[in-house]
Structures are given as C-alpha cells and as structure tokens.
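Structures are listed in the sections that come next.
Here chain A shows up in two complexes: once beside chain B, once beside chain C.
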Partner chain A sequence: MSNMVSALNGASAKGFVEVRDMGLQGMITLRGDLNAAKLKKAARAVGGADMPEQGHISLGDTGGAAWMSPDELLVLVPYTEVDARLSEIAKAMGDDHHLAVNVSDARCMFGVSGDDALVREALAKLMPVDLSARAFQPGQFRRSRMAQVPAALWMQAEGEARIVCFRSVAQYVFDLLKGATSPGSEVRYLAR
Partner chain B sequence: MLILTCPCCGVTGEETEFHGGGEAHLKRFGPGSSEGEFHDYLFSKVNPKGVHLERWRHNNGCGKWFHAARDTVTMEIYGTYPAQTTEPPQDIRDAITAKRPGWSWREFA
Partner chain C sequence: MSTRLANGGRLLDKGRKLDFTFNGTRLRGYEGDTLASALLANDQMLMGRSFKYHRPRGVVASGAEEPNALVGLGEGAAFEPNQRVTTTELFDGLTCTSQNHWPSLNFDIGAINTKLSRFLPAGFYYKMFIHPRPFWKHVYEPIIRKSAGLGRAPDQRDTDTYEHFYAFCDVLVIGGGIAGLQAARAAGAAGAKVLLIEQTAHWGGRAPVDGGTVDGQPVDKFVDELVSELQGMDNVTLRNRTMGAGVYDHGYALGYERVTDHQPKAKGPRHRLWRIRAAQIVTATGAIERPLSFAGNDIPGVMLASAVRDYVVDYGVSIGDRTVVVTNNDDAYRTAIILKKNGLDVPVILDARVPTQDSALMAEAKSLGIRVLMGHAISSVQGGKRVTGVEICSQAGEGAVLEEIACDVVAMSGGWSPVVHLWSHCGGKLIWDEATAAFRPDVDKAPTGATGAPFVTPAGAANGDFLLGDVLRDGNSAGKAAAKAAGHSGAVPAAPSAEEIAEAPMAPVWMMPQGAGIKKRQKAWLDYQNDVKVSDIQLAAQEGFESVEHAKRYTTLGMATDQGKLSNINGLAILSDALGQPIPQTGTTTFRPPYTPISFASITGEARDARFMPVRQTPMYQWHVENGAFFEPVGQWRRPYTYQKPGESVEDAVAREVKATRSSLGMLDASTLGKLLVKGPDAGKFLDMLYTNMMSTLKPGRCRYGLMCSENGFLIDDGVVARVGEDAFLCHTTTGGAESIHGHMEEWLQTEWWDWDVYVANLTEQYAQIAVVGPRARETLEKLTGDDISAEALPFMAWADITLAGLQARVYRISFSGELSYEIAVKASEGRALWDALLAAGASANITVYGTEALHIMRAEKGFIMIGDETDGTVIPQDLGLNWAISKKKEDYLGKRAQERSHMSDPARWKLVGLETVDGGVLPDGAYATAEGENANGQRETQGRVTSTYHSPTLERGIAMGLVLNGPDRMGEVLEFPRLDGTIMRAKIVDPVFFDKDGEKQNV
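Right after this comes the complex of A and B.
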C-alpha cells in the first residue's frame, strides 16, 4: 500500500512558539439535523465525546466532535479508522436524511504550542478574532479566516492551539504561521 | 468596518469574515411577468442614504445566508435576522425606529 502522509509531512518551525503539521488526522463531515436523537447518538459513538454545543468542540481520548454550523459537525477520529466509523454512522442513521463524508485528505491540521499568551498573540495577527484568554477559552471552536483563507481554530489546552484548514492551502497557512511566530515579532499586547 | 452577528451560528465577527449579497427581500418576477417587471427585478436596486436591508453570507464561518439591517451613513448595524423571512421582524423595525424615526425602505416602514 502507498505510504500515506499529510500535506506537509510533519513539518515544524520553531519561532517564539512552535508550529507543526499534526500529521494524518481522520476527519468526518457529518451533516444533518443536529437535534435529532439518532444523529446525536451516532456522533457520540463515533467521535467518542459528547455532542458539542453551538460554537464549541468536545474532545475525547482519541477524537472529538466540533460544531461547524447549525447542520454540520466535524468528527475527529483516528486516521486509520475513518472507513470503519463511516459505516458505523451509516448503520446508526439508517434511512434518516444525513451526509457523512471522509474529508481527512481534504484538510490538514496544525498545532501551535508554547506560552499561552504568545500562542494567542501569534494567531491574533492572522485572524479577525478576539483571542484573549477571557474571550476564547479551551472548548470553544471558531471558524474564521486566516489571512486570505478559511480556517477553524480551537484551544486544545492552555498554550496549545489547533488549526484546521484546507489541504490545498497547507503550505500557505504554514508559511503564515511561521512568519507570525518568527523570533522578535512578538507584539506584547496579550503577552506582557 | 461593520461588526455583524450571524443569527445562524451566533458568531460576532467583522466585515471581512462575511460577504455582502445585495438587496434583501427581492420579489422574483420570472416566467409570465412583463419585460418591465423582469427588468426591474434584475436591475432596479435601491441605493438609499440611511436605512438599508441587505443579504449577507457568513462565508468564512458557518456558510449560511442571513439578513442585516444597517445604516449606510453611520455604518451602524441595527440587527441581523434569519434568511427565512419575507419582511424584517418587529424587533429589527423597533431598533431602526429608535434611531431613525419615520424611516422607510421600499414597502417597509
């Protein structure tokens, strides 16, 4: 079998915080009526985490589920288990109207880690989002743009941000993050 | 810079996260209508000074369409409301009236 790699094959850059390609991450787009009991049950079973509230992400041991829009979830699963989880969803949903697609290879995921305030500051350079620790807390999930391309963001933990973007713009996003975290470019607005 | 709140996902973001979609509450004139009506449907858009009702899309977010009432002079957003309406809801009208008594926009006032 061919050797599967993520868009940037684990590239990393160390500035005042560290940026790295998180490697292969299984992702399933699940669309349907998010209030339907069947869909909630399927999302919980497949993502291994609770159903996220609006604008939030819930994380489990091996995956999670993020609230993308009023009718869409992004379910995170281990890369090698995507096909199995997809058939689980199909079985659980039966004939109910829904859409579940493997988007693992259409997206890529980056991690930005380091001092919490500096991580927030680096991202705030690129996104029109209030990233102060008070306004954007772990568990919140925000879709916005990063410079000129769409990107979704959440804080995995304090000082640990995750970004999901389209694979086709992976190099662009990596270069943006690398530039925004280059040593000496700290803004010192959030970080004192 | 406009600050809009998407009624679909609840996110408050600035203008560049959204995309304007032109005039709101258009009434379609298709097959069976006169050429004049079809022309007006396609081309005759209002360009008011003051209160304006528009369609917007949260294109760098949830991707949904919604309506916004704003002021083209002060750049104030009076409010946003769902796309699944054929006229501005009462709370939006009240918000506009509070700032601009006696306003009108097309057939709404």
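Right after this comes the complex of A and C.
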C-alpha cells in the first residue's frame, strides 16, 4: 500500500475555505444500457446507492454512482475494493454488452469545504455553472470545466464540495483552487 | 484658477486628507475625490497633450466619457498608462504622471504640429506616405511611431491578481442611477433575482446634483432610502465600482469590477470580470452631454456644463471664478444657477435659441441677476493653456464679434445623448428623436434571445427620457417588464411621483456660429484626443468618404481610447450636413464592447504564471524535475527532451542517452502515450474500419502495429494495438492523439455505426507506462519478477500480465528503437514506485533514463516514421512505403476509397527514402531538394524535402528521412539541398533503415 500515492499526496491549502486532495478514491467507469435491469442492479450493488437520475449523483455509506452520460455511470467504491467490485460487475452482467473499467488512478479528487456559500463562490470563479444553493443542490452532479480543464462537481453535503479532474492536471487544479480561495477575494454574491 | 471651495463637496470626507503626487509634485486631496477633482482643486487644469498636434489638454468631463485627462498611474509593477482621471478614485500615496509630451507638460516641442496643422489634414498620412514605397517602412513609420502614441507601455510584470466570476440572475440592471435603482426595485418586488451594477462608487447617478423632489422629499434623500431598501431585499444584489462592459448573445453580459483600485493595499484581486448570464437585461446607462463646436473649444477651461456643476456639488471644486455658459438647452442653466448660488461669477449665459418666452430655469437664472443673451454664440475662445475670455457673436451669423468677455471657464452644453452602447452591442436598433436631437433605442427592435423574444430593455435617460418623473416611471416599468419576461409577475408598486420642472425645447446646434468660416472650423474640435476638427469631417465628405464608417476611419474620429463618446453625434451631424442628408440617414458607427477600456489582466483572470495553462504531469514528473530534465511541450504535457548532467550540453546528453541504451540499458517515461480501451462484440469489426490493416484477426495476448487514416485517406495516427480480451482491445495512440482519436472513435460510433456494440474508454492516465530498452532489458526485469519473461514465453509483439517489483504489471514486448524492449504499464498511483525499483535494479547495467530526443533519434536510425514529422496532414501511408500495413483483403476501412482517387495513386507522389549526407553533416530540417528549372511563380522547382533529420550518435553521422519524387527508384542518386546561408548540402538517397536492417537486436 505504501507504494500508492495520489497525484498530490494529500496536499491541502487553507484560504477563506479549505482545499484538499482527498487521496485515492476508487472509481469505475461503467458503460452500458442504463435502463437495463441487470445493469441497474449491478450498479446498485457495487456502488451501494440507488441509480442516479440524469445530472445527479446518489451516495451511499461507502460509495455511490454518478450520471455521466446517457450510457455511462461513474461508480464510486473504496480504492482497495475496485478489483473485487469489477469482478462482481462482470459476473452480474454476464454476456450482456457493457464496459466496466478501473479509472481510479486516472483521476484526482479534491474537497473544498467551509461556509457553504463561500465554497460555492470560490468554485464559481472557475466554473461556468450556476452554483447558487437554489440551482445546485446536494445530489446534483455536474460535468463542466474548471478554467481550462474538464472537471466534475457535486456537493457531498452543505459546505462540502467534491471535484474530480484528471490526474495529470491535479497540480493545475490545486493551484486554481488555492488562488480562488485566497483570503480577501470573497465575492459576497452568493454569500452575504 | 481652479480651487477648492470652502463649502460643498457632497462626496467628500474632509476629515480625511490624502496625499498624492502629479509629475513629482506633492498635492493634497480628500477622501471621496476623483483624481480629476483633486488635481483641479490644486489648480492643475493642464493634464496632458493631444495625440496628433500635442495641443494642451485639460479635463472636459467628470465621468467615463472624458477624452483628455489621461495619465500614467502608479510606478514600477503597478504602473498603468492611459488612466482616466475622472474615473480614478483618489487614494493616499497615489502617484501619476502626464503623457504624450516632451520635454515637459508645460513646454512641448511636438506642439509645433499645431502650427503645421494646415499641412496635416484628415487623410494626410494616406496621401503623403504612399510614395516612394520603401520610405514607409524605413523612414515614415519609425518617425510616426516616435511622435504618436499616448502612454508608454509598462516595463515590469504586474504583481496584482485578477479573477473571473460566473454570476447568474433573472434580471441584470446596468446603471445605478435613479432609473436603474427603480428598475431593480420593481424587478425585485416582482420576485426576480436581480443584480444591479454601477460603474462609479456612488448611487443615484446625476440626480443628486441635478436636484428635484420625489414623493415630496429631495431626490438625494430618496436615493439613500431606495438604496437601503434594495440592500434589505434578499433577492437583490447591488454592486458598485462594477461597469457593464458588454452585452452579448443569450443574455450574456460582462461586468468589470474594480475591486481594489481605490485601495491598492487591500487584500483581494484588483479587478474581477463578472461573466453574467441573465434572463433579462435592463440598460439604465444614462446619457452623456454633448460639446458644442466653436473655435477654440479645446482650450483648457472649456468644459461640459454638467461637469462644471458636478465638480462644484460633488467635490466642492470651482473650475474658475468667471464662467461663461453657452448652451442650446435648458439644462445648462442649472450650472449657471449653482455657480451663482456658490458665490461664483457667471458673466453671461449665451443661449443659441431664441425662445418666445422664458422657461422656469431661464427665469430663475435671470432672477439671480445673470445676464442671458438669446440667439448668441461663441465666435472664438481666447487663451492658450487656459481660457482667458470669449468673443461673442450672433449664432445666426458668420461670427462677427459683438463683444469680448473675460472669463476663465466656458461651460458648454449641446444637449444630451442617451448612452445606447449596451443596448446596441447585441443588435438593438436606434431611432432619431427630433425633440432631443439624439439617437435613442427603438424599443420595437430590441436585441433578441434564443426564442426570438427581446432580452434587453432600456430605461430612463438611456431610453431618451430626461425628466425626473419620466425617468422614475420608465425605470419602474422596465424593471417590471424585465421581471415578467424572466417569469416573475409579483405585484409591483407604482413609481413614485416627482415634481416636474417644465423645460423649453432644445434646438440642435452642430456648428457655432451657424455660418462659421473655414478658419473657425479648423479650430472647432470634435474629437479632442485624436485632434479631429469640423473641417476634417467636411474634407472627408468632400473627398468621397460618405459612409460614416469610412469617414470615421479616414479622419480617426471616435477611434481614440474614449471611442467617440463626446464626438460621435457631433461628427455625424457635421457629416450629414456636408452630404446634405438628414442625420438618421447617415446613421451611427457601430457600438462595440467594452463600454470603456477594461484591463487585459481582467480578461486573463487567473490564467497567468503557474495557472497560465494546464501542464499535464506524469506520475514520474517530479523525478524528471529533480534529475535535470530539459523539458519540451508535447500537447499540454511537458516531456523530458533530455536529462543534462552538470556541465553537459543538450547534444552531449542526448548522445550519451542513445549510446547507453544501444549498448546496455535505457529507460523512458512513456506514460503520455494514448491508451484507449475498445470493448464489445463488434470491437474487432470497428477496429478493422479504423485501422488500415486487419485487427480482428489479432490473437489475445498479442500486439500489432497499425495505421489510422482520416476519411480523406491521410495518415492521422499510428500505434500498437494489444488484444487484451476476447472482445477487448487496447489501442495505443500518439501522445498528441489520445484525446482526438478518442473523439474520432466516439464520433464514428455515435453518428455512423450507432448500432454496433462497442464502447470506448480513455485509459491514458490510468497507467504509468515505462519503456525498458536495450540489450540488458530482460535480465534487469528478471531481477524484479518470478514470472517467465523469456524469449519463448514473451516473444516480440506479445504481452503478459506479471508481478513486477511486487506490483501488478502488464508488459508489452514492443520496440520503437530496434532494441530488445518492454513497455510496462502499472497503475498511475504506483508508477513512481516501479520507476524507482527499475532504477535500482538497472544500476549494475548503467541504466540511463532518456528523453524524447533520444527516442526520436533511435526510431529514425531504424527508419520508423513519426506522426507529425513524416506526416503533415497531406501524407498517405503509401507515400511512406507502409503498404505492408494496408490490408488488401478488407472490403473497406476509413480512407480506403480516398486512397484510390487518381491523385492519391499518382506514381509521381513523393515517397519516403533515407538521406545520407555526402559530408556526414546534418541536413537542415524541412530543407528542399531542388530540381532544374523554375515554376510559374519564378521559384526554383523542387523534387523532395526533409521530414526528419538528426545526428546519429550510433553511426556518428547525419541521418535523415525525406519525401522524394520517385525516391525508392533512385537509390544512390545524390540530391542538392540549399541551406539558408546560400551553401548547398548534398545527400545520397538510401534505404530509410540505417541501423540493424535485419532486426537482430530486437529479436533476442
């Protein structure tokens, strides 16, 4: 285990809200017919959460599933259990056409936490998304961009955002978030 | 002289004195001053020089429309040229310098141009500098560049920070005057989420200066109450110091917030660019007063009437002791009345109109004892760097002087033009309003959104409503309408009522006096910054520049940093008159964003330094940095070109890496190679269509090199495909091709072969991939694994899953160097661990990490092509002698039909060969082989070109590949390649495989 390191090895920065590399997170790309009963059942069993609606993420105790596209889910599982869960999917899906693959190491996950409105404001400096509490609620899942790179976003809880980006740009995204949360740069549009 | 009055200055906090310097002189102002008011309070009327004639220039306005008073602000890293003093808030320690003069502001040699102005009319440059041709580049341009220009460019890096912010709202109100405030209140009451932005630091716009009564109380008190009411509304956000810079399609707007310009030591970004999506936009952007065109109207001390009273009321600054007011409307009377009430002298009001009876404001002025001359005008202004007096004439005549009046200020008003810029940015049309002699929004032709419904509503003075009550009513209904259009129809209270003061109609006056002769017209300025005069526009019309856009460019009217805010309407009125056509027929020039200049840094936002652009890093990136890597960009990746040891040149380092790899053991970070998983029952069929060769017949456990072409037959990518399962393939792409080939696959699957059962996933970043290369590769790997990787168990072009250094690894036995070579993929999170283990295991074999240049040299020594070198978008595989990788059996593949077209199968297409220099030197990259004769353009005929060229450390000579006419049939022939220095290099056509032709080294 000591050989495995996430892209930034747990780096963190404290501005008006806190940014941190969340470490290794198990992630499985599951492509297939999202309406098929077999796939739904497999996703539920592996992610430990209900099938998400379009544009949503459903979270369970140890994982979850996020809607990526009409034929793709991102299934969240503990990092060390990815291989076991992939076998479960293969077994459950049998000969039905699908693709399930480990993408945990291709990604980096960040947490941005603090005052809910300030967390949203920091992200709204970088993402062209309406991040007001009214428009973007826990349970919603957004694939968008953060400055110049792709990023996916959800609110894990109030004041607790999660961002997934590609591993190779982890340092860039960390630098972006660090800049966007620098003290004194609060916008006070979403936060009063 | 201009000075601070004992009383007044509603925006000042006189308890807080601020020190600042202008051209090195220490001056003092108050909290609340603009730089303009603080300079004027210190009698600094002369603030700069004009662009062309270097005429002395003083402030003419009090807001964003100011054309003259631009300074260089700050020092060192904080220096910024062309800053408008009227919109710069004073802060303690501010330093500024005037611009465009030499040697000093007071004595400027360039001012000689004004004496030469007879010889520098509109279009002078175009006429004068066209002959003789070469003079432009070598004589004229350098001289003009020296004498023209405003501020100088900063010479240090900007140390401030900047950012963007994405904001969303139902109704965006641009402008915080009473129309905007009332619109925000109405939209807020209706239930809309409202964002109100105002460019200045204050609310209420002109209303508190111009006065009036709303609901029985003074208008400034009404504004205060309205602002606090709005601040209390949860669904309304007020943002001052934020200018509406532009309105774009689909309710997109830019707001330019100057966050810390007024307090540079405060934390936070200097500017913030608001990128706003609004369902509806209300433009409550007010109006701008127009100058009058009379001789000498550019002499410092001639100002807009509204600005003169702004300085008195807002900043307690008197521009001078004696102010002559000249006007064609009632509004300027307010200036005379305010001056008089503040104890200043107004010797005369010159009103170009001849009214039949006095309006309320005329009567009030007269009752204060001010002399009012109707039907009168200014014949010319006296003075040089400062107004000393005016000569009075009759407006109807040609300027015969009736009287001279001494004064030090001229307050002029030619009427008011609605600020229609933001309305117009996205296509809002204008109509000519005869009553106010101004263009105002044609509300029936508004900018429209995606549904075809209007998304911009003008309000208040920006909509052509100038009276207090009208402005409030218009603001209220605009806010209500915008909220409704955005889906919010809550109850909106009626607009408050204002006490109306009836005004006499204005009379359009475009030239003063009406019959001014050429001498006067040559001194009547339209565009102060660019020195465009009435006579210039008339000349342009006379010379056939009849379109307003042509006249603008010929004369540079409105092309200065103020973009013609004061000069536009006056200029096109003069043009219309010269063309004998009504003003609406002439029309306006195009209004383009931004409304006033915004900083480039705000547009850049966070994208600078480390965040300028993403640099993609492999899991071993840190090791590369720590070990002397000399990086090169490959797409967004930064890959080591070579690793320099202390004292080693780049060339030496590359040679060392090649030799060590060929003789013993090398290692490469190959993680950036694209890795696309293609899976499904139809995966083989799909890959047979994508690649030129057959992939479906590949056995699990085996690898095959393949070529990918575009529909037009051109080679776009290559790489090794491994069959990783019965229905799964892993396709390696070039580093630069990973994303585009992924997109290419998805496009064909989604649009053409949507019914094929295939899914693709991009696994490029899931794996760290390390190439272990050289004669001692196998023995080194064997130290780290118990699995069988012998030549029999893992032959060339096979792959196997093994445990290596305790990690799950997939080993591909493939070679891009001609050596015994393995590419090993492990999870990215374990990449660095494997890298370190391999370094340790290979130490005894002198393991040498190599970069991309050594990689390129070794592939070239073997005659392997490189996408981007041997291909450039016009090359097909057949050109490269890759026919062996093109299936003849397949019915179809992407590019097949294109490759059968006559031009593609033309035997005269240049083909790949090796090139061996006669003298052993290195051919220049991209050099052409010449042929006899010249083409139709008189250029030397060519018969080939170099595509890759290197010094081979292995062969100790230059090697190259190139495309040559009939090349493969001309082995041994010598071609000539001219170099840039005029000498010629000779090279022999040879087989492109320079090293180990039989492949003995990789087959061990």
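We take it that the second predicted complex is superposed on the first by the 190 of 192 C-alpha atoms of A that agree within 3 Å, B and C clash if a C-alpha of one lies under 4 Å from a C-alpha of the other, contacts with A are read in each partner's own complex, and residues count from 1 in each chain.
Basically, a contact is a pair of C-beta atoms (placed from the backbone, for glycine too) under 8 Å apart; a residue touches a chain by one contact, two chains touch by 3 or more.
None of these values were measured; they are calculated from a predicted model.
Asker: Considering only touches as defined above, state whether A:Gln54 meets chain B (first), chain C (second), both or neither.
Answerer: Touch status of A:Gln54: first partner only.
Asker: When the two structures are overlaid on chain A, which partner does A:Val129 contact: first (chain B), second (chain C), both, or neither?
Answerer: A:Val129 contacts both chain B and chain C.
Asker: Please indicate which partner A:Asp175 is in contact with in the superposed arrangement: first for chain B, second for chain C, both, or neither.
Answerer: second
Asker: On chain A, which partner's contacts cover more residues, chain B's or chain C's?
Answerer: C
Asker: Touching A:Pro183 in the superposition: chain B (first), chain C (second), both, neither?
Answerer: Second partner only.
Asker: Answer with first, second, both or neither: which of chain B and chain C does A:Lys14 touch in the superposed model?
Answerer: A:Lys14 contacts neither chain B nor chain C.
Asker: Which chain A residues lie in the overlap of the chain B contact set and the chain C contact set?
Answerer: 128-129
Asker: Please name which positions on chain A make contact with chain C in the complex.
Answerer: Per the touch definition, chain A meets chain C at residues 3-7, 24, 29, 31-32, 71, 97-99, 101-107, 121, 124-132, 135, 147-149, 166-172, 175-176, 179-180, 182-187, 189.
Asker: In the complex of these two chains, what residues of chain C are touching chain A?
Answerer: 161, 163-168, 195, 237, 239, 266-269, 272, 275, 277, 605-607, 610-611, 613-619, 636-637, 677, 679-681, 757, 759-761, 763-767, 806-807, 827-830, 832-833
Asker: What residues on chain B touch chain A, complex-wise?
Answerer: Answer in residue numbers: 8-11, 13-14, 16-17, 59-64.
Asker: For the complex, which residues does chain A have touching chain B?
Answerer: Against chain B, chain A makes touches at 54-55, 68-70, 72, 128-129, 142-145, 150.
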